[in-house]
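Chains here go by letter, A, B, C and D, matching the order in which they are written, and residues are numbered from 1 within each.
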Amino acid sequence: MELIEQLLQYTLSGLSTGAIYALIGLGFAIIYNSTSIINFAQGEFVMLGGMLTLFFHVTLGLYLPLAVVLAIAAATAVGALFERLAISPLKDAEPIILVIITIGGSILIRGVAMLLWGKDTHALPMFSGDDPIILLGAAIMPQNIWIFGVTLIIITANRLFFHHSVSGKAMRACSFNRIASRLVGIDVKRMILFSFIISSAMGAVAGIIIAPLTMTSYDVGVMLGLKGFCAAIIGGMSTGMGTVAGGLIVGVLESLGAGLISSGYKDAIAFIILLVILLIRPQGLFGKGEAERV
Amino acid sequence: MLKKIIIKSICIFSLLLVFTVNSWSQEPIKIGGLFAVTGPPSFLGEPERNTANMMVDQINKTGGIKGRKLKLVFYDTQGDATKAVQAATRLIKEDRVSAIIGPSTTGETMAVIPVVENAGIPLISCAAGIKITEPVKKWVFKTAQNDSLAVERIYDHLRKRNLHSVAILTVSDGFGASGREQLKLRARDSGITIVADEIYGPNDTDMTAQLVKIRGSKAQAIICWGTNPGPAKVARNAKQLGLSLPLYMSHGVSSKKFIELAGDAAEGITLPSGRVIVANVLAKSDPQKKSLLAFVNDYKNHYRVEGDHFGGHAWDAVMLLKSAIERGDGSPASIRNELENTRNFKGIGGIFNFTPQDHAGLTKDAFVLVTVKNREWMLVK
Amino acid sequence: MTKIFGGLTALQDVSFSISACDITGIIGPNGAGKTTLFNVVTGIYDPTSGKVYYDGKDITGFSPEKLARLGLVRTFQGIELFGQMTVLENVMVGLHTRSQSGIIASALKLPAHLREERRIRERAISWLEFAGIADLAGMKAANLPFGKGRLLEIARAMAVEPRIILLDEPAAGLNSRETSDLALLIMRIKDAGITVALVEHDMELVMGICSRIVVLNLGHKLAEGTPRQIQEDEQVITAYLGEG
Amino acid sequence: MKRELMKFLVFAAAVLTAPLFLKGGYIVNVLVFVGIYTILAVALNLLLGLAGQISLGQAAFFGLGAYISGVLTATYAANPWVAMVIAVIAVGAIAFALGFPILKLKGHYLAMATLGMGIIVYIIFNETVDITGGPSGLSGIPNLSIGGIVFNTDMKNYYLVWSFVIVTILLSVNLSQSRIGRALRAIHDSEVAARILGVNVRLLKVQIFTVSGIFSALAGSLYAHTVQFISPASFGFNVSIELLTMVIIGGLGSIYGSFLGAAILTLLPELFRTFQDYDIVVYGTVLIVMTMFMPGGLVRGVPLLARSLLVRVKAGLSSEKSV
């Protein structure tokens, strides 16, 4: 009986961490799908979301919802600026060059954040108090419900955007064939800017809603970014349920691994799953079977 | 073609030569500082550097040491052993310092030890690892309290409360690993059984899995060993799960910051700590009180934040050096010998007594037990 | 020597053979499956069903590198040169199977390796001469004009010393002079005793040099025969006229 | 061919005589590390620049080399040279075995897999406390020695490390210009075309991955025996990234460029010490700007820049004359 209760708690904890990974992974997938760039700076937008909200809310004393809106706007502006200044001028560069650029961007953003806000860790107040909610003997925080809810809203919005709006369809077209898209009159450069804007905004949202739970500091982006990355790859770089499932799988297996096997190797679990997936199903668990051969 | 190659090579090597320019001046006594001001251990390096700067300024304003000014040359090691070795070599060979304060972490200190031992320059480390001074190295001292002392404090308290089986939850970095080693090492002699041995990563977002596993064990108390922000998450997760076991932490979180991060979840948590955080409530008769209040007030005036015991390690190091220089001629060898002769030095970390057999110099009295009450640190009687 | 191509999915049950020391042309409208056929034969794709025989031996599903060792090479429709390397180096890669220095011998510059290097270089130059582009040896391949790139690709394939060479639209994008030079080169290859199979749109070229022609349409084999037979084949004429 | 020989001789001569101008001092210590990173950057460049296969986990081989050497000597009192040989062979075998599955992947997927490999190895260093000493590191690693000479000063270590650098560079240059090197460059440009010509792409990729692992392990072993202390933090993800940056900044495919990249990235922080906290920002900016404006790396970028400057100056001069 006790074991079942434990397993339930592991699963629930895992799901709530997994939802965080999923949210971050979605940002990766959006940029990858419209530009084929793996944006190593994605984790920094998560950090920016949390730190900026903290800055507006705690330091400037603004009302929380206002602080949130401002934080998303500011992080999005940084994302757009980054694309304009560093990515857009290099449209035809080799992928490896772009990888280095995004790594450079990530170092730069992290550095500026450190100079602006110092090296301390900060906690954002919980959105709806900190009395745990008990579900069948397992406890989660109200903030987790926020995370689940926002993830759900974002997936739905993504789905609507990419499949039912003109710009969304255009962005998907860019990912399939850039030259053809250009020929049919899609402004590819603008679509790339768009994808950076959307994913930095999403990263910021993720950073904001997790900050009360995970706390935030100038360097939280690195590990969260990598885990989000794993989620996206496992999910086949999809901008929808695939990545979410990937995130949840990583979260739950980590939590189960820490509880049942060894907490020391917990972090390795995400990467072992990543390797296994890459080796046996590089298109991801839910990707369509179009593994590149030639 | 050949010409081009030669020109290129000359460019490169003249670039390298730029770095060799030495500045020679005998006047001030130069002290080196190796602090991890950026990188993961910056929570250690920053207060250490700030404190060292502040103390050196103060000493110079009040006339220096025997008429000679102190000069602090400091490099950021970023918590990286390789960079620490390079910086230590630079301090010794280029800046020609007479003694070195730091590095901030045990790993970096271990990496730097061969360098200072070969060069014969005294080093006062601000890191806690017991390996630094056990076995004793001729030129190496340290001011941070050994982890073992903190462990003993906790185990004493557990025994007093008649709690014998504990769960330990340590962070997977140098600080946590060293704590874990000591916790396991001292358990048997103290009559404590470790019934669960769990680990969390420095960047983990959620520790409920480990805590649930601990809840399923027969532990009567939990000892969590880490530095901010991990233990704050542990405290919050424990509260979330409604865990009623007494929760102990290490001196790694004895700062206001921990209470700020953990919020209500910090209430009732007990930990061994240097006296810094309870300086105000110490009895007047406490021999350290004067040093402590001086440090706390100066730091607050200078940097507008509370001084913590990490800064205290640098305070102790600078003041130990000062007194060793006053007693000798200020050469590296004399500093080393005089450091070893330090007796009854009332510092921030405790009362230091260095001997040829002991380069750590503290006893477990260096720690007091404190607990959180109404979001304030209180002494445990 | 006989080669039989078996049935494929992109190609429906196409089956024919080409004979040794001959030039066989494979023609057909766009989308007839010509390039797919080459891709299957050269091991880039696996056939869904069916078999490929070479010298009476089943080589279905063999990797391209294995086929090259057996003496089967090809060129590509949109030329695939090693752009960052010189023209000479491109051909030297073609001699990969004709040399054997391993990683250790190469790193240590053992005498045997140096001898081999010299030999490879000489052979590569002679292949460049064969293709008539020896004067371009030191040029970076990416900077070659398109027509010369074609010749280089053929020279590079020849350096493998194949027994059969598959040319995928070698005349595409060439002007008429270059095309006639190409025809001469292909004849020279044939004269060297090498079997040539050639996918081509340029009818003049195909009719001029091929001794046998296979016509594909929409993945089916439409006809097979000598150039004269093909020219008179009703079905072929309809297919081509139908296309436009 | 002769040009290459000339380049190499100039380089070797510069390396051997440099200390004469440096009069000991701290810079020699920095140059020891430049040497170690040069070996690492060259190793990565063989994989990335030559064969076009990315690795974001190169620090894993560096760390494995260091730990095998360190544990064998510090814990089991093995002879350092023997330990070095064992480390190099063992890491070569590991790289060979890992290479087959991992190098099946391409592009971003390969990047991710190698990144995962690097992080897993890093976690293993951290968690196998009984063997590696865990996060607090492993100390007491002896220096290398030949006969009576113990390599325990910066100057001696300089000659030790740089002899290995010279050998590594010589072997790598030879390799890149050989039959194998050509085949690898062919793979970089067009994998399909290389296969059609009979190049066994898979095996060659694994072989060069192995060579790259072996050189990295050598660097790791040298690191362990010169610093005499190792901890996991020196072999983490950021180190892999730094190595990648060295290769890119120096110039993909250019062996001497890797030396330049290693030198600059090791020396840059020394310059930046004056910036203190700002150095991370400066580092990020330099990284972006350099990759943006010199995608070919310094080796190609600087001469290009110099040439265009020269042209401009000449134009300026001639216009003055005409006035």
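Convention: a residue touches a chain if its C-beta (ideal position, glycine included) is under 8 Å from a C-beta of that chain, and two chains touch if they have at least 3 such contacts.
Keep in mind that what you see is a predicted model, and the values were worked out from it rather than measured.
Chemist: Please state, in steps, how far chain D lies from chain B along the shortest route of touching chains.
Modeler: The least step count works out to 1.
Chemist: Closest chain to the overall C-alpha centroid, by per-chain C-alpha centroid: which is it?
Modeler: D
Chemist: Which chain is most remote from chain D in terms of Cα centres?
Modeler: So the chain farthest away from chain D turns out to be C.
Chemist: Just give me the whole-number Å value for how far the CA centre of chain C lies from that of chain D.
Modeler: Taking the average C-alpha coordinate of chain C and of chain D, the gap between them is 41 Å.
Chemist: Compute the distance, rounded to whole Å, between the mean C-alpha positions of chain A and chain B.
Modeler: About 35 Å separates the centre of chain A from that of chain B.
Chemist: Could you please state the distance in Å, as a whole number, between where the Cα atoms of chain A are centred and where those of chain D are centred?
Modeler: 32
Chemist: Hey, how far is the Cα centre of chain A from the one of chain C, in Å?
Modeler: Centre separation, chain A to chain C: 48 Å.
Chemist: Counting only residues that touch at least two other chains, what does the list for chain D look like?
Modeler: As it turns out, chain D has residues touching two or more other chains at 126-127, 192, 277, 280.
Chemist: Using the touch definition from the top, which residues of chain B touch two or more other chains?
Modeler: 38, 172, 199
Chemist: Which residues of chain A are in contact with two or more other chains?
Modeler: 114, 262, 264, 267, 294
Chemist: List the residues on chain C that touch chain D in their complex, please.
Modeler: Listed in rising order, the residues of chain C that touch chain D are 42, 44, 63-65, 68-69, 73-74, 76, 80-85, 89-90, 92-94, 96-97, 99, 101-103, 106-109, 113, 116-117, 120, 156-157, 159-160.
Chemist: Would you pull the chain B residues touching chain A in the complex into a rising list?
Modeler: Per the stated touch rule, the residues are 38, 40, 42-43, 46, 172, 198-201, 203-206, 208-210, 212-213, 215-216, 228-229, 232-233, 236, 239-242, 257, 260-261, 263-264.
Chemist: For the complex, which residues does chain A have touching chain B?
Modeler: It is residues 2-3, 6, 9-10, 13-14, 16-17, 20, 114, 119-123, 130, 132, 139-141, 210, 213-215, 217, 219-220, 222-224, 254-256, 258-260, 262-264, 266-267 of chain A that touch chain B.
Chemist: Going by the contact rule at the top, pick out the chain A residues touching chain D in the complex.
Modeler: Residue positions touching the partner: 32, 36, 38, 86, 89-90, 93-97, 99-101, 103-112, 114-115, 226, 229-230, 233, 262, 264-265, 267-268, 271-272, 274-275, 278-279, 282, 292, 294.
Chemist: Which residues, counting only chain D, touch chain A once they are in their complex?
Modeler: Touch list, chain D to chain A: 48, 54, 101-102, 104-109, 111-113, 115-117, 119-120, 123-124, 126-127, 192, 237, 241, 244-245, 248, 252, 277-278, 280-281, 283-285, 287-288, 291-292, 295.
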